[in-house]
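Reading through the structure tokens given below for one structure.
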Amino acid sequence: MDKRSTLKDAMSHVRDAMTIAIGGFGGAGFPEELVAELESRGCKDLVIVSNNASRFEQLINSGAVSRIICSFPFGGASVTLRKSIEDAGVELQLMPQGTLAECLRAAGAGLGGVLTRVGLGTSFAKDRQVVNVDGTDYLLEPPLTVDLAFVHAEQADRWGNLSMRGTARNFNLVMAMAAETAIAQVNHVVEVGQIFPDRCDVPGIFVDSVVQCSNVGNSKED
Amino acid sequence: MAWTRNEIAARIASDIPSGWVVNIGVGIPTLVPEFIPDEREVLFQSENGILGMVALGAQDYPDPELVDAGKRPIAVRPGGCFFESSLSFAMIRGGRIDLGVVGALQISRAGDIANWSTDEKMIGGIGGAADVCSGVRNLWVAMLHTTDVGGHKLLEKCSYPLTAEGVVDRVYSDLAVLERNRDEWHVISCAPGVTVAQVRHVTGFPIEVEGR
Amino acid sequence: MDKRSTLKDAMSHVRDAMTIAIGGFGGAGFPEELVAELESRGCKDLVIVSNNASRFEQLINSGAVSRIICSFPFGGASVTLRKSIEDAGVELQLMPQGTLAECLRAAGAGLGGVLTRVGLGTSFAKDRQVVNVDGTDYLLEPPLTVDLAFVHAEQADRWGNLSMRGTARNFNLVMAMAAETAIAQVNHVVEVGQIFPDRCDVPGIFVDSVVQCSNVGNSKED
Amino acid sequence: MAWTRNEIAARIASDIPSGWVVNIGVGIPTLVPEFIPDEREVLFQSENGILGMVALGAQDYPDPELVDAGKRPIAVRPGGCFFESSLSFAMIRGGRIDLGVVGALQISRAGDIANWSTDEKMIGGIGGAADVCSGVRNLWVAMLHTTDVGGHKLLEKCSYPLTAEGVVDRVYSDLAVLERNRDEWHVISCAPGVTVAQVRHVTGFPIEVEGR
């Protein structure tokens, strides 16, 4: 069982019109080399699922993206990104950040959706089924399954076990869980057994390909 | 004389009891932690996956893998911990966060908050705001009392898209600290030289007479 | 913030008729000293939530328990426990193990319940609401909130951060999450900062009291 | 001549491809791991929170914090990992486990399985059986073909409380290996000296004629 892969081989999973979840929160835990490779592939009609959208400006400008599902596409100052999204006719689908995380988890956990009070009485409740449980109303948010997940980790072994540092975990676990195929960009590939069994943030069962970063140590500023 | 942004943050900080876990939003709320005295154990949670967040020290090297919800470099204090997004929002939605301090565009009499978009097309970013405003045990809003042109932000009903319904407990503005009990609001304190009558004048819903 | 407590003080939270979730899977991660103290308190009408029931025979025989919510009360050979449960008139409520875990998590995560296909078409579907999501039926299992959780950890600090070993994590996280008040029995209390922030299995935010074990190193056989 | 329990386990082991993740239940399934050749990388998951479970070595000291779903002491192989219950069942329910090998009391023509209780009062323990049987990608059942007194266990309909509906892919009995495709079953192989006719005789639903 050896999930190590070249960048090109791993990215051969990508097809037009796929839904791709991309981990990271700002630069922390963001798989930038996978995204750079995606940019070079000339795809069409991609649906991007990510917490933010600011790192996908080039992808959007190239016409590769038809929809973005995210919680915080850009801050108020991001005039060019907003214009890019409008010019490219990209559909922007906002979800509260916790609902986004939980819907990805639900997809990965084989659950039928998420019952949450977040968004009740707001525009986020539009088109949502309301389920009453013991007298309390909840929005039913459907599970969010994705074709591919691009995630990032500090360490991986060839079985796909991943270990992260700091706030880099963020969406990477739930996205790997929700994905048909998960590709991990990692800073270091270690021997099987070197990731301590109590310290594995994403069990290899959720990971399909491990790609060693070429740029370990480069700064990743937002 | 109205309170400055720093004075609003300091006032909020002085009201946070030791032992509370606090999630802070962007804007004035980001100033709150620096006014917490060192001896008071207040833990700051950031929804991107950290409990025990502290400001980066002058000698600290910024770590690209260690940021707050505003993507600014931070550090973790001893006793802090990291976690992934679904557990982070389980804490928030599950009522484990004692206090959320957020900014706002509009607040309604019923405690509704609009703090992420001015526009029904929902352009802008909601981020973790809906989860935080809905989930925390206490929600305090730090804001200027009126708009740049003097319009009301404390209103009978919000006109902007809501972040959450009926959740605001207190407003800390540049003019006053107000507290809500169902549909009734009263003034806890006014900025120096500001009268309750002046606060009423710039508030779009009734403020109860003190002592009632 | 100091959550360290004596056994007696921590257990002063216990009241008759409370619902108490007790972690552990067999002996792994089982808070045996908290349970021993519970046995000595002469409670009535307790509802016990735990994966197994075999460690509660004394509690059952003393008449303290009115209901047990569990997945696997006893193996086929546990004749005396079965008799104890029947003699004491204890109501046995079985849940599939994964549903039990997820309903506890849902309670802790502020969700309205769990939508699962596990149990569909079986006796476990009895009295359950069925919710259809995009053409597929799911059972709606309500969240399982508890008054108290008794959990076990290898290490804790005075803020209640917990760290476990091996398969001792099991239900301890979701039970602490689901509880109004969570009490942790721990082998070792360490200084704040000694639990590595990447290696904290239960953040202290979910824990109310930390009780140091008196019997560290004793064998715990099932 | 019927297969022994060990022979059933060995046959199952020989059918598990390298790279699969397998959850095994109590009874005959517990014998399967010892028949996996060392060079074949098969990972065993146990629902109490371990991936990469291996038998305790003769020199290993049993760790009370390290047990399998049957509460027996085990060890973890290099590359294994531990996790809490909700993530464990997320793996199972989410279809990440390639194979479940379980025992059974009854199997129906439609692939229903009853393997935890003989009694509508639901006395007994379901444990993780419902989750495993519903969630795994492939469900193989290891069982004796008939009851102690020769009664059918492979039936048109189960009479015992179901564990899960329509999930069984294969049955490995002491007499034969059978595979299901919707409501149709066929024999993959018979134990030495056992004929398909003999298997039909002790099976409560039709078995397809080979080659159809």
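The first chain written gets the first letter, and so on, giving A, B, C and D; residue counts start at 1 in each chain.
Please note the rule applied: a residue touches a chain if its C-beta (ideal position, glycine included) is under 8 Å from a C-beta of that chain, and two chains touch if they have at least 3 such contacts.
Note that the structure is predicted; figures quoted are calculated from it, not measured.
Enquirer: Count how many hops through touching chains it takes, at the least, to reach chain D starting from chain B.
Expert: Shortest path length, in steps: 2.
Enquirer: If you average the Cα atoms of chain C and of chain D to get two centres, how far apart are those centres in Å?
Expert: 28
Enquirer: Quick check: how many Å separate the C-alpha centres of chain B and chain C?
Expert: About 35 Å separates the centre of chain B from that of chain C.
Enquirer: What whole-number Å value describes the gap between the mean CA coordinates of chain A and chain C?
Expert: 33
Enquirer: Residues of chain B that touch two or more other chains: which are they?
Expert: Only 50, 76, 82-83, 86, 89, 92-93, 135 qualify.
Enquirer: Which residues does chain C have that touch at least 2 chains other than itself?
Expert: Residue numbers touching two or more other chains: 102, 105, 109-111, 116-117, 164-166, 197-198, 201.
Enquirer: Of all possible chain pairs, which ones touch?
Expert: So the chains that touch one another pair up as A-B, A-C, A-D, B-C, C-D.
Enquirer: Residue numbers of chain D touching chain C in their complex, please.
Expert: Listed in rising order, the residues of chain D that touch chain C are 46-50, 63-69, 71, 76, 82-86, 88-89, 92-93, 112, 120, 122-131, 134-135, 161-166.
Enquirer: Can you list the chain D residues touching chain A in their complex?
Expert: Residues 18-19, 21, 41, 43, 45, 50-52, 76, 78-83, 86-87, 89-97, 135 of chain D touch chain A in their complex.
Enquirer: Can you list the chain A residues touching chain D in their complex?
Expert: It is residues 1, 105, 107-111, 157, 159, 161, 177, 192-193, 195, 197-198, 200, 203-206 of chain A that touch chain D.
Enquirer: Under the definition above, what is the set of chain C residues touching chain A in their complex?
Expert: Per the stated touch rule, the residues are 102, 106, 109-117, 129, 131, 133-134, 136, 138, 140, 142-143, 164-166, 197-199, 201.
Enquirer: Taking the touch rule as given, give the residues of chain A at its contact with chain B in the complex, in rising order.
Expert: Answer in residue numbers: 25-29, 51-52, 70-76, 82, 92, 94-99, 101-102, 104-105, 116-124, 154, 164-174, 201, 219-222.
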